[in-house]
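Look for chain A in each of the two complexes below; its partner is chain B in the first and chain C in the second.
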Partner chain A sequence: MKLGSFEVKLEKRVSLPGWEATLISLLAILVALVVFSYIFVRAGVDPLTGYKEIFSYAFMSSFGLPLTINRFIFLLLCTYAFIIPIRAGLWNIGMAGQLYAGALSAFAVAFAFGAKTSQNAVLPPGLVIPLMIAAAILGGAVVGAIAGFLKGRFNTNEIVVTMMLNFITYWIVARLIKEGGLFMGASGEGDGFKIPESIYAPLVKNVPFTVFIALGLAMLLYFLFAKTKIGYQIKAYGKSPSAAKYAGISPYKIPLLVFIMGGLIAGLAGYHYFAAVPGVYKITKNYGDFGDLAFYGIICGLISQGDALAAIPIALLFGGLTNGGRFAQGKLKLGFGIDYALLGVLMITLVAFQFFYRYKIVVVRTKKETSDVGIHS
Partner chain B sequence: MWEFIVRSLDASTIFTIAALSELLGQRSGVLNVGVEGVMLFGATIGFMVAQTTGSYLLGFLAGIAIGGLIGLLHGFFSITLGSDQVVNGMGIWILGFGLTTYIGYPYTGPLGMERIPNVIGLSPFFFIGVALIIIAWFVLTKTSLGLRIRSVGENPSVAEVSGINVTRTRYLSVITSGMLMGFAGAIYSLDYNPVWSNDFLMGWGFIALALVFFSMWNPYILLGGSILFGTLWQLSLNPQLVLPDLMSRYIWRTVPFTITVGALMLMSTEWFRARWGAAKPEALGQPYIKD
Partner chain C sequence: MLLESLKRGDTVLEARGITKRFPGVLANDRIDFEIKAGEVHAILGENGAGKTTLMNILFGLYQPDEGEIYLYGKKVNFRSPLDAIDMGIGMVHQNRKLIPAHTVIENIILGHPRAGNILNLKRTGKEITELCDRYGFKIDLKAKVWQLSEGEKQIVEILKALYRGAKILILDEPTSALAPPETKRLLESIRIMTRDELAIVPFITHKLPIVLEVSERVTVLRRGKVSARLETTGATEKSLAREMVGRDVIFRMERVEVEKGKPILQVENLSALNDKNVLALKDVSFSVQEGEIFGIAGVSGNGQQVLAEVLAGLRKAQGGKVLLDDANITHSPSLERWSKGIGYIPSERVDVGSIGDFSLVDNIAMNYYFDVDFTKGGIVNYKGLRKLTEEMISEYDVAAPSPDTMAKSLSGGNLQKLILARVLSRKPRLLIANLPTQGLDVGATEFVQNKLMEAKKEKAGILLISEDLDEVLSLSDRVAPMYEGEFMGIIPGGEARREIVGSMMAGLKPKVEEI
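Moving on to the complex of A and B:
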């Protein structure tokens, strides 16, 4: 394309420097937010006012901020559940199923200690809480392992399998918390049973301690990918599974491993939201909404380009946006589901922008005088 | 029992058309994992237009049109930009899932129109579905257009050299494919279950995607698979009609998904591949960039 004496060309990238990747990601988010402001316009709200409402509720208000942080922890864990397999070139869209399994397993432990029968039971938190966490990890890992095993052993399409597992576990949760299920709550409103106060997860300044697990995982994953052999093997498998095989990397082991790791982190997300967030402490009847929210993990993972540390600010931003969005939707009468709409707009913008990870726009000055001579072809 | 069979065939119709659309795109080498998203668009827009205008015809046309548009978008990302088709498909699914939840919400509830009349007890779309299968088989195997579609799906460089316009053929397939997906979604929301609620598909599109793998890219096997899964799906919704008191109704809902995983696993085994030799399009999922 020519513009005066300049020519705009697309050029294939040989490499993508970190700062440019960051710039593209930020630009994608910005474009998505601009596109998204149509929703405010439609409702007759000035977009700047709309975003101000969202951000001030999400990050500045004493009601909104703790909710944002809880969502941030949840999203960060879901992001890691997605990032580890995607590093190996595999799509884990089964965070929802893995987190349901994690939550069920954690509540199974509480159930085993008699938490369902007595709301006031005094249970030893030092024993029950670690067991609940261990169970959540195990539950998520088992569901993840199914997809990983099938991929590694039979090369079964992991997208279909993880999605199927989402639906399977979704209905298993319904079976257990509804209509006389084992984990049904006393209220009869479709929620699961509530755990007694003695095994509420410890809070640090009103924030569940799971925040330390999530941030610890950030460090751990950063280290794993940057410094360890296994991190290297995952990456090599992601570049080319067949080439990795010749480098002595087991094509069975890697898919299984990354899905177990992803699944166990998603299991933790399940523990976090249903057993550690203040005011919840039960598998709520709208548990499916949290399964849906888990899909933000895909977006955070794609924007952060699989970087565990870069995922932190992104998860915080989206935790705030979804939380503030829910608030603004009520206050500004925007209609239900603006967090869902944002999810869609962000995702498709990112898809469009992935082009720029591979190509760059180059502006060259066309030198008329030299080309006239005919030296340059 | 008759009622159960009829409902099953109605359900099969949606699987048939959705899976056939995916098959068509895949035969030209373009994978769209976002079938569910396109169906959600077709279903929601079709529902909104039909309810607003009171016309089924306009509803279906709107569903088909939005499907075609989304197909075009997928084509633009996958063919023109040459981006990763899995990423694009996921994008389309999440876009559909997110956006339809928002725009359809004010329309929550029943369609409130007189039902589409049956043809000898069956939904007219069942016959359309079977006809589409026959047409697709005929076009793909007996016509030069079909040969072009298959060759750009197998080996685009060779196709290009022999004078076939790869880009145009792929666009044609992907847009037609999107229109059919939108149509399948509109059949769901206007005929099969004319009530709008958010994210109502709950996996139809993903099972349709799996059905394409099961069909080994053959329209007739696809029809058989769709009838099987339509029946299974209907059974999972109304188990009391056939097998009362066997399992909780929630556990019944897991059955189609569990069987999908099982069948997919079986199909991926060495034994199955050696025995049946799946005819997967060689260039499936690979962008074609002219040098």
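Moving on to the complex of A and C:
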């Protein structure tokens, strides 16, 4: 394209420094907010007021912030459950199923200690809480392992398998918590049983301790992929399975390994939301909504390009927006689905801006003598 | 258009001052040349000399930053290959652009403007058959493309271009994948085409003798510039190579005599299946000694690949035994073989031997991440690997800006040097080199062959698999021609006569078998 004596060209990038990637993402967010202003205007709301409501509730209000942080922990764990397999070139679409399995396993431990029968039971938290977490990890890992094993051994499509496992586990949960199921709550309204206060997950400044697990995992995953042998093997398999095989990396073990790792982190997300978030402490009847929320892990994972540290701000943003968007929708009496529309616009813009990860726009001054041959407009 | 009135010697295509820049690279720097009807005009150059860029510009895939192209005297601007095709330029790609599941005739008419929605296969078939008869192509039009040999696929691509009415035919490395008889037939067809005033433009990096045999004029590229324009009468293989590389090149490696030691590798009655579960390696027995190059000559697809993979531990053996230093490794995993001293240079440089989206350091790590010198307690010493990579880059003269460069940005020759550096740096007792010089230009080929000789001097045993008969004969101490999964015999390299080995590669057992 020519503009006077200047020419605007797209150039393929050879490398992408971290700060430029950050800048591109920030720009994408800004563009998304500007684009979405149109919807606010159509709804008769001043966009600045709208955004102020969303962000101040999500990140500054004493009611909203804890909710945002709880969602952030949940989303970050789901993102990691997606990131590990994607580094091996495999798609984990089964965070929902894995987190259901994790939640069920954790509550099975509580059940075994008699938590269902007595709401006021005093159980030893030092024993039961670690057991619940271990069970959640195990439950998620087992469901993940099914997809990983089938992929490694029979080259079954992991997307289909994880997707189907979501349905299977969804209905297992339904069978257990509803209509006379083993884990049915006392109210009989479709929720699972509530755990006694003695085994509520410890809070630090009103935030569940699982936040440390999530942030610790961020460091661990960063280290795993940057420094370790296993991380190298996963990345090599992800970039080229045939070259990985040449380098002696087992094409059977890697899929199994990454899905076990992904599954166990998703299992933790299940523990976090249903057994550690204040005010929940049960598998709620709308547990399917959290399965749906888990899919934002895919978006966060894709936007962060598999980088465990970059995923932190992105998960925080999405956690805040899901939370603040819903609040603003109610407060400003906006139409149903405005919050999802905002997330949708943001996702599309972030993904579209990844174009600039691969290309950059350069403006060159066209020389006089060659100005008649340049590129076609 | 005036195509019909073309006369022999008329200029059909002229390029003036073609310049193309990529980030950090000046791929084509003011290139001029002209192509005449009825002439074979070869474009010669090493890997990375700018040939591919130029070819893509001529075919409309890239637009030049500067410069002009004149076709039949008129200035043209190709916006896409379709423009080029419409104006009579045909391209025969080295990486075939054909649909394997379709028949030959379907592939030829695919995208042809006259094909329309309803295919008249009968009429088209007749027309294509006429083309075949005229130029001496033998091909079954009803065969599926996946059933064809490389040479036959190339014929399909040529027919496709001719059927589209090409008057200028660009051939990318036309003989690199062909067996000797196929090459001969292709050259014959090219001669007939030039009689019909077609202009043929082969782009070539190696196989210089063919350039001399078939072309009238040659334009040599070096580092993006035209370094020479010559007539082939009076040119020699040596003079062409000098223009390409910028220095004298040794063509025949002197075989160094090294005292042979004890056998490193012993293979007994080895059999294996290929990917289609067909027995592709049948009862092969041989041994490789210290300080020996054992050459396997054959046209690709005769079981060499299967043999190499079984020895490297990447494919299961169906039967037989493999001994390394008298220890049975028939069923050992590949990693164990690496640590026991087997080194493998795979023929698939890009898909197996390297990872394009990995940095050079990560590529070097492919053979080191398991090494206790670099990985302790599960932590990879990337700093150490980086230093190792830097050493390799300078020792093997790999043209790369830094160890963090992605492997995919290296040219074929540089990538092969990197793989060679990585494998040889482990000082393998047994080196399996599968088509180590395939597709490399003369300079890189010389380099690789030198390194194999050096490894031999250091008492390594080398299994050299090659399609290039001259290479096998000049480097190997013993040669085994391979045909349909079997050795046709094992002949001492010094006594091997080209004709005898050539006929053995085609499946004929010699009358007196020398072992």
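As a working rule, the second predicted complex is superposed on the first by the 358 of 377 C-alpha atoms of A that agree within 3 Å, B and C clash if a C-alpha of one lies under 4 Å from a C-alpha of the other, contacts with A are read in each partner's own complex, and residues count from 1 in each chain.
Keep in mind that, in the parts below, contacts are C-beta pairs under 8 Å (C-beta built on N, C-alpha and C of every residue); 3 or more make two chains touch, one makes a residue touch a chain.
Remember, it's a predicted structure, so these values are computed and weren't measured experimentally.
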Chain B versus chain C as contact partner of A:A308, first or second or both or neither: neither
Partner chain in contact with A:I172 - chain B first, chain C second, else both or neither: first
Chain B versus chain C as contact partner of A:K229, first or second or both or neither: second
Most chain A residues touched (candidates chain B, chain C): B
First (chain B), second (chain C), both or neither touched by A:V143: neither
Partner chain(s) touched by A:A247 [first = chain B, second = chain C, both, neither]: second
Which of chain B and chain C A:A276 touches, first, second, both or neither: neither
Intersection of the chain A residues that touch chain B with those that touch chain C: none
Complex contacts: residues of chain B adjacent to chain A: 33, 77, 81, 83-84, 86-88, 90-92, 94-99, 101-103, 105-106, 198-199, 202-203, 206, 209-210, 213, 248, 250-251, 253-254, 257-258, 260-261, 264-265, 268-269
Residues of chain A touching chain B in the complex: 39, 91, 93, 146, 150, 154-157, 159-161, 163-165, 167-168, 171-172, 174-175, 178-179, 292, 295, 298-299, 302, 335-338, 340-345, 347-348, 350-352, 354-355, 358
Chain C residues touching chain A - in the complex, by the definition given at the top: 22-24, 63-68, 77, 79, 312, 314, 333-335, 338, 344, 346, 348, 351-358, 362, 365-367, 369-370, 375, 378-380, 382, 409
List of chain A residues in touch with chain C within their complex: 11-14, 227-230, 232-233, 235-236, 239-240, 242-248, 370, 373-376
